[in-house]
Amino acid sequence: MKVLTFGEIMLRLSTGEGERLIRAGSLQMNYGGAEANVAVSLAHFGHAVHYVSKIPAHPIGEAVKHHLRSHGVSTDLILQGGDRLGTYYLESGVGERSAKVIYDRKYSSFSHLSTGEIDWDHALDGGCLLHVSGITLALSEELRTITLQALQKAKERGITTSFDFNYRASLWSQREASLAYKPLLPYVDIAFFGELDALHLLGLERKDPALPREERLLQYYKEMEREYPNIRHMASTFRDVKSSTVNDLQGNYYVHGMLHQSKLHHIDPIVDRVGGGDAFAAGILHGILKGNDPDVIAAFATGASALKHTVRGDSSLFTEEEVRQFIDSGSGTIVR
Amino acid sequence: MKVLTFGEIMLRLSTGEGERLIRAGSLQMNYGGAEANVAVSLAHFGHAVHYVSKIPAHPIGEAVKHHLRSHGVSTDLILQGGDRLGTYYLESGVGERSAKVIYDRKYSSFSHLSTGEIDWDHALDGGCLLHVSGITLALSEELRTITLQALQKAKERGITTSFDFNYRASLWSQREASLAYKPLLPYVDIAFFGELDALHLLGLERKDPALPREERLLQYYKEMEREYPNIRHMASTFRDVKSSTVNDLQGNYYVHGMLHQSKLHHIDPIVDRVGGGDAFAAGILHGILKGNDPDVIAAFATGASALKHTVRGDSSLFTEEEVRQFIDSGSGTIVR
Amino acid sequence: MKVLTFGEIMLRLSTGEGERLIRAGSLQMNYGGAEANVAVSLAHFGHAVHYVSKIPAHPIGEAVKHHLRSHGVSTDLILQGGDRLGTYYLESGVGERSAKVIYDRKYSSFSHLSTGEIDWDHALDGGCLLHVSGITLALSEELRTITLQALQKAKERGITTSFDFNYRASLWSQREASLAYKPLLPYVDIAFFGELDALHLLGLERKDPALPREERLLQYYKEMEREYPNIRHMASTFRDVKSSTVNDLQGNYYVHGMLHQSKLHHIDPIVDRVGGGDAFAAGILHGILKGNDPDVIAAFATGASALKHTVRGDSSLFTEEEVRQFIDSGSGTIVR
Amino acid sequence: MKVLTFGEIMLRLSTGEGERLIRAGSLQMNYGGAEANVAVSLAHFGHAVHYVSKIPAHPIGEAVKHHLRSHGVSTDLILQGGDRLGTYYLESGVGERSAKVIYDRKYSSFSHLSTGEIDWDHALDGGCLLHVSGITLALSEELRTITLQALQKAKERGITTSFDFNYRASLWSQREASLAYKPLLPYVDIAFFGELDALHLLGLERKDPALPREERLLQYYKEMEREYPNIRHMASTFRDVKSSTVNDLQGNYYVHGMLHQSKLHHIDPIVDRVGGGDAFAAGILHGILKGNDPDVIAAFATGASALKHTVRGDSSLFTEEEVRQFIDSGSGTIVR
Amino acid sequence: MKVLTFGEIMLRLSTGEGERLIRAGSLQMNYGGAEANVAVSLAHFGHAVHYVSKIPAHPIGEAVKHHLRSHGVSTDLILQGGDRLGTYYLESGVGERSAKVIYDRKYSSFSHLSTGEIDWDHALDGGCLLHVSGITLALSEELRTITLQALQKAKERGITTSFDFNYRASLWSQREASLAYKPLLPYVDIAFFGELDALHLLGLERKDPALPREERLLQYYKEMEREYPNIRHMASTFRDVKSSTVNDLQGNYYVHGMLHQSKLHHIDPIVDRVGGGDAFAAGILHGILKGNDPDVIAAFATGASALKHTVRGDSSLFTEEEVRQFIDSGSGTIVR
Amino acid sequence: MKVLTFGEIMLRLSTGEGERLIRAGSLQMNYGGAEANVAVSLAHFGHAVHYVSKIPAHPIGEAVKHHLRSHGVSTDLILQGGDRLGTYYLESGVGERSAKVIYDRKYSSFSHLSTGEIDWDHALDGGCLLHVSGITLALSEELRTITLQALQKAKERGITTSFDFNYRASLWSQREASLAYKPLLPYVDIAFFGELDALHLLGLERKDPALPREERLLQYYKEMEREYPNIRHMASTFRDVKSSTVNDLQGNYYVHGMLHQSKLHHIDPIVDRVGGGDAFAAGILHGILKGNDPDVIAAFATGASALKHTVRGDSSLFTEEEVRQFIDSGSGTIVR
């Protein structure tokens, strides 16, 4: 059964630790984007994943396909054409100093995608899951229409749909995002969002701040389910940013009116945080596809995300087996 | 006395020798552009050089300034703003395999430059030389107007003007270029162009192919001087491309009705060919500014260009003294 | 239609240029083997290629799959198990100094392959071409049986079969090889071998050394076709080893009683010679699969091989389009 | 208005993390020295900075100029001549293991500087600030005279003077330093020193150790101001060295009888500690030059120093804006 | 007086931090093995060390000798021959993620060593110490015999013998190890083992878990001394694995019925943990050879081990003087 | 039998190919010096070599010992003390551009060596060969005395003595060198010098330039032998410098009145030329020590030198066996 993710993939050019862009003489290349990262993780977990996107028809575009294929993601549904691949520069953070992202993603092939270019009937044929995210909605009016159509057509076919809010303040305002997200929600089965999204994008009523954060999250999720009964699965992480190098991470997965929490992962040091949220989303989707126990799902997804933080690049490279071993075994001994 | 060059500077991202973009994991960063490269060379030759351009107001833009300043080029006349820095990917060639350039320069801050943004009166104040090139003309209608104004204002102030044809087939047709170049020529003192430019851009009559190439070149130059008596200096190189690794290079400098040729440089191996023509142009301009003997000028410019081929990056890093030593001394002994 | 290649893939660990193994602090990793290299090339030429082999079930084995998938080769038919991946160390040569290979390939998972482990009926189903090589025959008695069965079953299904002699003196004697090769020849459609193979492995009569080498080769090929009328296609290259850095290469392709020769490629410098023969074989196979004109086939295969010498790693990474451009265009100009 | 710093700049050759000099195969190159580092920081903060020094007239000397110019520091006042550039080797520390410095700075061009070589009248012309440090005094008797003259001439012109004690036990004894420092103090407006300097170099009376350290520091500073009323600004940091990788840092700035403290920065991990004190000094000088509020000055200087610890090399590369954002924003989130 | 260690040395191929084997493009090379690491440490501590082993007679074998000689270890007693050098791949761990070792050590020259190949009479001549470990016993029946003979012959000559239990679960079961270890123990003077070894390999009775761990260890050691009065020295470390990046380490040295403990080292970050135990063993052996005070021995050995964690590679590179300075001085200041 | 070489070893810091010192961010480290290079080569050829020198007593000095020991050279006779290790920077040349050496060797521990520091009686005990060179003579008056004493004492003991002229124009004038060399010549058995040395340092009469160069060399050598009958062996190379990348090399060895020439090696490309002459000298000395046939000696020494040009670093790393294979086998085939 085929899993699909739809979105933009970008070239990431990043400095080494402790290097500034202003003095860099070389840059590490990676390819990533929220939905592509989810695709790669799901492929490593053993699913037949197809990535739907548009990239330019030149060697940098070919490199994207090379990257996806190496991880076992099918590139058959990728269109080629347009001007350029969205790019971003990442100056890695360390300790108190934050990482810095400089976007050079305007005018990309994907952002210029037109309605009708993607043959969703063909793409969705034989699918079991479609995953999209809010970043795509920010890129153009047309992409909002395309995403809506994709979700609608998926639902017509009984395909499970997944939507990660992924709000990016650098791309649009909360108000714009809110308007764009709402029409999609009736077609979504699985949603990834947290308290800030609930307040600012969904306009839910603020819960009592004296309550523990998991209590508040549960209330938001219940309220959401009341409003959109189609959204049966909700998930998000609590991330305590101690510094660029140290984060605490805990995952939450809501289903059937209950919130399931993972243990708290103390991530120190962080090798590369980018893609950590996508690894979590992939872990949740994997568990739902496999029909796992909700507690196992929360633990697995958060473990997958924690592992992602220990490798360079946007993509998590861990198999289901490796994530499971990571969760089961104690931390930090040598595996011989 | 201040020397000015005006044009676009780009970020160059290149693979290592024998690496393909499709598999590259890191890229070398360099900053270059025809006019910026001329600026850097002239600064190393001891001139007070100011570079006029527009770059984005973010860290990659700052890196451009860092680069130029390190070579002693003043960045005071650079505007900051706009969307992005033009970028290109270079897959280096080797032996029979050609280098491959993938441009990602559309929508750059420079290409969106508007008439009036640059205060030419201020910029040209105190100047002695202004150097521009045909690449800029290809980028927008507006840039054609801006370049024309700059040349006109320079001539009004008695500033020497220099124009490198630098025709790029990937940017426009010969016909478009021809139409764009002609209005500028009456305001040019020094022009860099060769036989192909003479035929296809200037529409000069084809000379007898049985003649030696230097004979033909001399005839084109004489004809050109008759038509545009203001163009007193003309120069170009003969480049025999044996392979990506081996080129023969010979420089030609025309003044007062005579062609002055350098010796033939056998460049083997080529470390990095990009910027070789700009190093030649800078060498010619340096000689003219210093009032050197025409034969010395031709030898110096070609030596500077040959040296450029032996270093990585767009910029030549050699002082006047080093170029002179290179020309005088035998080739390849260790200098202790 | 599915193309299959069968053989051993190894981890190659190589030093940088000018470095000796004795002092190396790091090694470049590549994965390659004659048949895997052919698979990768054919995938880049647009074929649906499946690689049949056996590799260990640990992360180094996974890395092999990652490598093959990135190039678009299917890994579905690869078995996993056994002790180890064959490995070899390559100390790269330069100029007069030869490259040095240190094999550490004994006891590999592939060399311990047993008859019956591969389900050839399943593997060959839907196939149009099967390519094997003489290296496999050298590894074990059992592998000789397996290869023979594969060729027989392929012929039963009307699948075109290809055999590259690939004699390796470090693995066995000419006499042993000769005995092993002969039983296979009746099941081969396409054979890759040259004059030395004809003399020492096939025992053909030595031709007049005063004849030009292409004349002699034609005679060997004709004689071979008389003995084995099933072998309709024969091919090999003339390689003049000037040094580790400079080789001249010319390709020969025999079909219908005629020898078709490519132009002579002067390869200078050689970035990485390993896999050059495999790129040639892939080029021939591609041409036969496409039904191209014999002269075009010879030119294409030799061009593909020459290009391979300009990139690091065992695998050629060039598309059909890129090889064609390389053959058509002059050498060494920048493609912008 | 021109800012001047005077001192020695050295080539620093350092190993990678976890590497020992005894086995190193390559070394990172940086250029730095207390006063040059202050110059670079001030240039990044937007000041017109001129560095006064002496370096050899060969390519390593040119590299120094290249380095300084890239950061926008003027090299016009640098003399060239003498035997060599002072050099030091840095074996980076990690965790419990200390970094190790091996000086190879004897016989340097700067340390052989003679009275009269520098034309202080010319150098100081148009200046607003002169910064020197105690390291220079340790290098030769002559340099003590030169530094004293510079400070005197600066005061004659009404230029603000700054002196960083920078005592180095490897260069001389506390007693020697004490004798050398005292004659300069009457010509100093801004002094950088801490409790140990107060006790061992200035001979101030030890304060009650039961007092909090900031209390003690305030008493030393007040006592100092009583003795040298010209020294209106004093500053230093409290550095708690947890390990080579973790330090706590808090800055103190004294003016008008009051001590202003920054918040405590927990620096984990330290990328490169060298130059941390110079970034602090530059931050204080910047605040004084801008006439900022004392609390803002303390916070800014300490933030600038903390940031320096997160980048490789002696030089801080942060703009005023970046330091301010760092102080204002929470720690460790990604800035998109 | 000559010190001997006997065992297998392997090639270690490891990824960089944050890299996975599946995507690695290059690997760091190191050579190490428990007994070789002890040899290197002892050589840096000033002893005349001879390493006894067998390695292949090809360049990778030569590289082993190059490595050992560089550290001052004599290679005169190393045999050359056999098929291959044992190899292992190390995917370095970080934070919660464990390091992963993939052994490719089967069929090595050392593991095929036959009784009689080593001339122990010659090797042991003039020796004062022989160190072996339990890893060797796991490799073959024959190596158990060889090790036993070596220990017996050493005792006949009055040479001090040392045995590190070094149990590796990936090589054999506890039961197998137990049977192999026991015959050797009567010939051992110094033994390295901890509580788990005491329970599972020696079958000692479990002590009250409510006791502090040092109490329990003391009881095991006393019981052991009662059973094997020849074993006068016993040692081991307590290692608290917080994560792959952070460990606490404390050393224990038992002699004359008393346990001597080092201070607790907080190792953060760990650069490379491999060889940490060997550095500890070498430190104990050094102290015994020098006749140092037991407390000094415990502190020195643990300090040597902690230092090892701060450098890349299996080998500790610190002199006796450096270890002593490390123990004496505070942590993390710059040594100028 | 022990072989001794005496001289200065330096740290070499070099840029990568195509990099200039002015922009270098890292430098490759090597250790070398004429006599140390000879020592390393002779150790690889199987001799028991002791290097006599003086280096500083700090980690860079230790690194020198680490380097020498790794190649099997004994460091027992090296003194430690003094200020610094001589250093030089090497900007590698390429094609027409020459390599550039910047010496920073003044004030080195070796150059400050005093008479009596080296105990020559101890050092020479058991020796069979002593090799020195003219570079040492250039460093100080005292070193001239020390070298003379060493040669005299060697001759007293019947030790064979070798002297490489190694004239360096950057260190002294031909006239100074000439005066320094002459007193040593009566104590020399083997001398390395060529035509220019014969003319300018020995003052021999210029031979007819119309004669082939080998004829002229033979005449110089014969004349030399007449004047200094003790000098029975003379050798040198003809080096035709086509460029920094391409040299032709032919070796000459004179003994018993006859000149023995090697074949001409065409070295293309040169990886690293430094140490090429020392590898030749070592080859000659090896042949003399082994009592080989003069033609074999000339071929071996020149082959060793040609091989040296193909590896990075000052030291040749080839065994006697490898040099022999190189001479025997054809050039550039892969050795599997």
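Lettered A, B, C, D, E and F in written order, each chain numbered from 1.
Methods note: a contact is a pair of C-beta atoms (placed from the backbone, for glycine too) under 8 Å apart; a residue touches a chain by one contact, two chains touch by 3 or more.
Keep in mind that what you see is a predicted model, and the values were worked out from it rather than measured.
Enquirer: Can you list every chain in contact with both chain A and chain C?
Expert: Per touch definition, common to chain A and chain C: B, E.
Enquirer: Chains in contact with chain B and with chain D: which ones?
Expert: Both chain B and chain D are touched by A, F, going by the contact rule given at the top.
Enquirer: What's the minimum number of touch steps needed to get from chain B to chain E?
Expert: Minimum step count, chain B to chain E: 2.
Enquirer: Rounded to the nearest 5 degrees, what angle rotates chain A onto chain E on CA?
Expert: Rounded to 5 degrees, the superposing rotation is 120 degrees.
Enquirer: With chain centres taken as the means of their Cα atoms, state the distance from chain C to chain E in Å.
Expert: So the centre of chain C lies 46 Å away from the centre of chain E.
Enquirer: Could you list which residues of chain A touch at least two other chains?
Expert: Within chain A, residues 20, 22-23, 25, 66, 70, 100, 269 contact more than one other chain.
Enquirer: Just spell out which pairs of chains touch, all of them.
Expert: Every pair of chains in contact is listed here: A-B, A-C, A-D, A-E, B-C, B-D, B-F, C-E, C-F, D-E, D-F, E-F.
Enquirer: Going by the contact rule set out above, which residues of chain D touch chain A in the complex?
Expert: Touch residues, chain D against chain A: 70, 265-272, 306-307, 309-313, 317, 326, 329-336.
Enquirer: Which bits of chain C are touching chain F when the two form their complex?
Expert: 17-20, 22-23, 93-101, 103, 168-170, 241-247, 269, 273-274
Enquirer: Can you check the complex and tell me which residues of chain B touch chain D?
Expert: Touch residues, chain B against chain D: 66-67, 69-72.
Enquirer: Flag every residue of chain E that touches chain C in the complex, lowest number first.
Expert: It comes out as residues 13, 20-29, 58-60, 62-63, 66, 83-85, 87, 89, 91, 100, 102, 104, 106-107.
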